[in-house]
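Look at the two complexes coming up: chain A is in both, with chain B in one and chain C in the other.
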Partner chain A sequence: MPLLSVDDLHVRFRSRKRTIYAVNGVSFDLEPGETLGIVGESGSGKSVSSLAIMGILPRGAQVTGSVTLDGRELMTLRDAQMRAIRGKEVAMVFQDPMTSLNPVLTVGRQLTEVLRKHLDMDRNQARDEAVRLLDRVGIPRARERLGDFPHQFSGGMRQRVMIAMAIACKPRVLIADEPTTALDVTIQAQILELLRELVATERMALILITHDLGVVAGICERTHVMYAGAFVETAATTELFARPRHPYTVGLLQSVPRLDAEAKRRLQPITGAPRNMTSLPDGCAFAPRCRYATDESWNNVPELREIDPGHRVACWNPVPDAELAALDAGEGGGD
Partner chain B sequence: MSIAAAEAKELETEQASGLYRDALSRLLRNKAAMVGVVVLVLFVLAALFAPLLTQHDPNVRVGPLASNPEGPTAQHWFGLDEQGRDFYARVIYGTRLSLLVGVVSVAVGLSLGLVLGALAGYFRGWVDSTIMRAMDLMLAVPAFLLAIALVTVLGRGLFQIMIAVGIVNVPIFARLLRGSILGNRETDYVLAARSLGTPGHRILFTHLLPNSIAPVIVQATLAMATAIIEVAGLSFVGLGPADPRFPEWGRMLADNANRLDQSVHLVFFPGFAIVLSVLALNLIGDGLREAIDPKLKD
Partner chain C sequence: MTDTSPDALVRVENLRVHFAPAARIFGRAGNDIRAVDGVSFDIRRGETLGLVGESGCGKTTVGRTILRLYEPTDGRILFEDTDVASLSGKDMRRLRRRMQMVFQDPYSSLNPRQNIGNAIAEPLRVHGTEGGDVEARVQQLLEVVGLPADARNRYPHEFSGGQRQRIGLARSLALNPDLIVADEPVSALDVSIQAQIINLLEDLQDEFSLTYLFIAHDLAVVRHISDRIAVMYLGTIVEVAPAADLYDTPLHPYTKALLSAVPIPDPAVETTRERIILHGDMPSPADPPPGCRFHTRCPFVQPTRCADEVPVLRELRSGHTAACHWVEQIERGEITPHDNPFTGDAET
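For the complex of A and B:
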């Protein structure tokens, strides 16, 4: 049985004027200790999916589908039951460490609050454990820094504090939503290395949400590519990078600068704009931006289907391997 | 930024500690606010140690009844009033009442306003609409008229007057806190706290309130100033504390307004006391606003 299982997750935001279809049928399984990447551009529904799994979407969001942890359905839990799971079984690291810590409370206070609530520690135990955690995530002079306020930490250090809070209760699932996006490149590498090391030693499963393919390549065993609120391709990360089949994945990979490319080769951006999410598509959501779109693409919504073992694509006309080689050589593209 | 510069900055920020401590140090550097603090401290000392500052009892006659009482002398610094009482003693003892009224009425308004504002801002929905429409209704009536109406209903005791002036302030505090909470409830740290399983009441009390209270503190200082004026005003129109033995600045003004042409001191000293105390509170309030407002940070 998978540790975490998400089945047919839909999220809609309904207002008087219009409805936003943010997530449209996302399903995936997460095994214990697995590292899973979810890649997509802004507005593709990555963050909304993770907030839906945590059950902390704003009121007014309509969530349907099923999320089970160890076979236990989370969507029907009462508020108090769900609170006991948040932070203890499933925890989350957010994008912007500059704003994710309460500015008027000391770091120690925020960290011990989690420990005392979930693990029933007394003040001294929580304090010692907080020091151990800060030390664990690489904050120097941890004991002295407990009394410091968030603004006295740098961005990278704050993100370490956020990670310390998230792993405080040894959750089995850690969701990291763009954990390095707001950080300098050098700090990014440190934070990713920290996450990788934590996941390996603490046997946590990690869901890493990002728009950065390079981040996924470094850490994740499997990767899901998300577009317009649904997964369009899913495969082992090495397979996905070696043989992408969905035109969107191909486009994403081609729009990343590569050091081994010839000097003259130009980046190939994906043309057009992300899909307007105020209606459900009649066909493939990517069709308006896709060079491979067929009549079928415009009229029928493609389902994820397995085209190679462990490699699934939602596309009526996947990019063939041969063409991929041509694109890679820099001959294709250029609409 | 070079690494050295980054480290220097880190060291520099390490000196300061805490949002409110930063604000305090900015407040201490504000000269106008410090003048306000000094004046206010003098008023507080005068109220506390009134018996030490004058050997006269404010309610004991020491001179003749006169329609045209004597002005300031070496013996009676502020002169005598028409009943022959030492006017300096009356003004000094009057400080007690004014400060008491300021503190108590603001405490009443603040506590009610905080509860209502927190409820409205945290629960939203119909709770919010109901509370805020009621507040709008109260704000639609001019504050002084509302105070007059409330005193008429509640009665003319000192306590009733403080309640009335306090209630007038409720919608101001409620609106302010609600707006501040609304601005904070969608922040990342609230989301992060929820993701860690923090229950709603803890989010409200440990995360939302401490981050939303700053503008309310500023307003409380300013409200204390208006409370003093309002009580003086109520006394002036004859709705002051019923007991005439309480020396009260507003009533002194009212009683002596028709003697302005002969005995200026009877109007000048209580009027000056009102102006000075209100000015001090306003200076402190403005200083606090500047110290706390993140937009004005250097």
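For the complex of A and C:
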């Protein structure tokens, strides 16, 4: 049985004027200790999916589908029951640590609060454990820094504090939503190294949500590519990068400049703009931007189907291998 | 460094830009923020010079000071042979026609209540183009940047991020500038849109013989678009090299660390490459370390020279300069990465 299982998750935001179809049928399993990447651009629904799993979407959101942890359904839990799971079994790290830490409480106070609430520690135990955690995530002089406020830490150090809070109760699932996007590249490398190391030593499963294909490549065993609220491709990370089959995945890979590119070649952008999410498409959501689109793409929604073991694609016309080789050689047809 | 290439459009000589800290404005003592502290480089006519570095390294300040949006504290900025800092308001306005800026967030640099046609026409009118000529030029500019002709009657909020960056480009091109300072022009855009704008920048450069100073933190993007790259750390330039050389043979330890930290979208590469993980954060520009500014974090730091002697940019290969005392020894493998006694940072 998978540790976490998400089945046919839908999220809609309805207002008087319009409905936003943010997540449209997302399903996946997470095994214990697995590292899973979810890649997508802004508005693809990747963050909304994770907030739905945590049960922390605003009240107006309509969420349907099923989320189970160890076979136990989370969607029907009452608030108090969910609070016991959140932070203890499933914890989350956000992009901007400054907005998720309380600016008027010391870091020590915020960290010990988690420990006392979830683990029933007394004041002294919690304090010692907080020091151990800060030390664990690489904050120098941890004991002295318990009395500091969030603004006294740098961006990278604040993200370390957030990670310390997230792992305080030894959660089995850590969801990291763009944990390094706000950080400089050398600091990003520090935080990714820490996450890699934590996952390896603490036996935590990790869901890493990012727009950066490079980040996924370095840390995740499996990767899901998300577009317009749905997964369009999913595979082992090595397989996905070696043999991407969905035109959107191929487009993403072709449109980012690579630091290690051998010769300068023109980027192949994806034409057009991301889909407006105020309606559901009749066919493939990517069809308007896809040069492989056929009548079928416009009229029928493609389901994820397995085309190779463990490699699933939601596309009527997956990019053939021969064509990938041609694209790699820089012979890609126009834009 | 006295790099005297004859084809320099812009020559920056020993530029310093210091700001008074907020604390002092409120009557308390405080050191100057030395945002840019002794920077020299040339921008050659027709090239793209990339300026990279992490937040707070001074790269944006350099770009803005070249256009004299900030006043230099010391040093010279020569545009052709004119010292930008010495010009009067009127002469400066005339020169600004030839140097334009493109910003990261085109939305905050467009007036939400001004339609796109007027936004693009504004620089033309300010600089004396009249009537029907303005109309024709706006039409032409929209076409050049790939926007539909009816865009002129619409307002900024009706456009996506990528389209707004196109509008920003159309505005900056209106007066036929020679130099465009582009400050993080694609950082706010999604990757699929980023590539469209990068390609457009390349096309415009070819079509209008533009010179770019391209300021960004994303090394992959900078490497792709630049002919040469200058790397900044804490208000100084630590290395300048042709783009391919910088990637193939980075000489300065900071450049090595920076390049090794950039994630590459290829798991086969990611799992095998060697990373230099820097410890600690960048020190404050109000109180930069003495000697080499990078010595407090440098994995190659030595007990002599680093902490007390400021390294100068030296030409170590053709067209490739770096400011480090120990480049030769590091290249020969005589100095290898080790713990830095100055960092004061526990390892993990």
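In this section, the second predicted complex is superposed on the first by the 328 of 335 C-alpha atoms of A that agree within 3 Å, B and C clash if a C-alpha of one lies under 4 Å from a C-alpha of the other, contacts with A are read in each partner's own complex, and residues count from 1 in each chain.
Basically, a residue touches a chain if its C-beta (ideal position, glycine included) is under 8 Å from a C-beta of that chain, and two chains touch if they have at least 3 such contacts.
Just so it is clear, the model here is predicted, and its values are computed rather than measured.
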| query | After superposition on the shared chain, which partner residues are touched by A:R305: those of chain B (first), chain C (second), both, or neither? | reply | neither
| Looking at the overlay, what does A:A217 touch: chain B (first), chain C (second), both, or neither? | second
| In this superposed model, does chain C or chain B come into contact with more residues of chain A? | C
| said: Just to be sure I read the superposition right, which of the two partners does A:T238 touch: chain B = first, chain C = second, or both, or neither? | reply: second
| Given the touch rule stated above, what does A:E193 touch, chain B (first), chain C (second), both, or neither? | second
| said: For A:I56 in the superposed arrangement: first (chain B), second (chain C), both or neither? | reply: first
| Where does A:P274 make contact in the superposed view: on chain B (first), on chain C (second), on both, or on neither? | second
| request: Figure out whether A:A84 sits in contact with chain B (first) or chain C (second), or with both, or with neither. | output: first
| message | By the touch definition at the top of the document, which applies to A:S154: first (chain B), second (chain C), both, or neither? | response | both
| query | Which positions of chain A sit in both the chain B and the chain C interface? | reply | 154
| said: Which stretch or stretches of chain A touch chain C in the complex? | reply: 41-42, 135, 138, 140, 154, 156-157, 184-190, 192-194, 197, 211-218, 237-238, 241-242, 251-261, 264, 266-271, 273-274, 335
| Footprint of chain A on chain B - complex, ascending | 6, 10, 13-14, 16-20, 124, 186-189, 191-199, 202, 206-207, 210-211
| message | Touching residues of chain C toward chain A in the complex: what are they? | response | 54-55, 160, 162-163, 190-196, 198-199, 202, 217, 219-221, 223-225, 247, 257-271, 275, 277-279, 281-282, 344-346, 348
| message | Under the stated contact criterion, what part of chain A meets chain B in this complex? | response | 51, 54, 56, 58-59, 80, 83-88, 91-92, 94-96, 99-105, 113-114, 117-118, 147-149, 151-152, 154, 162, 165-166
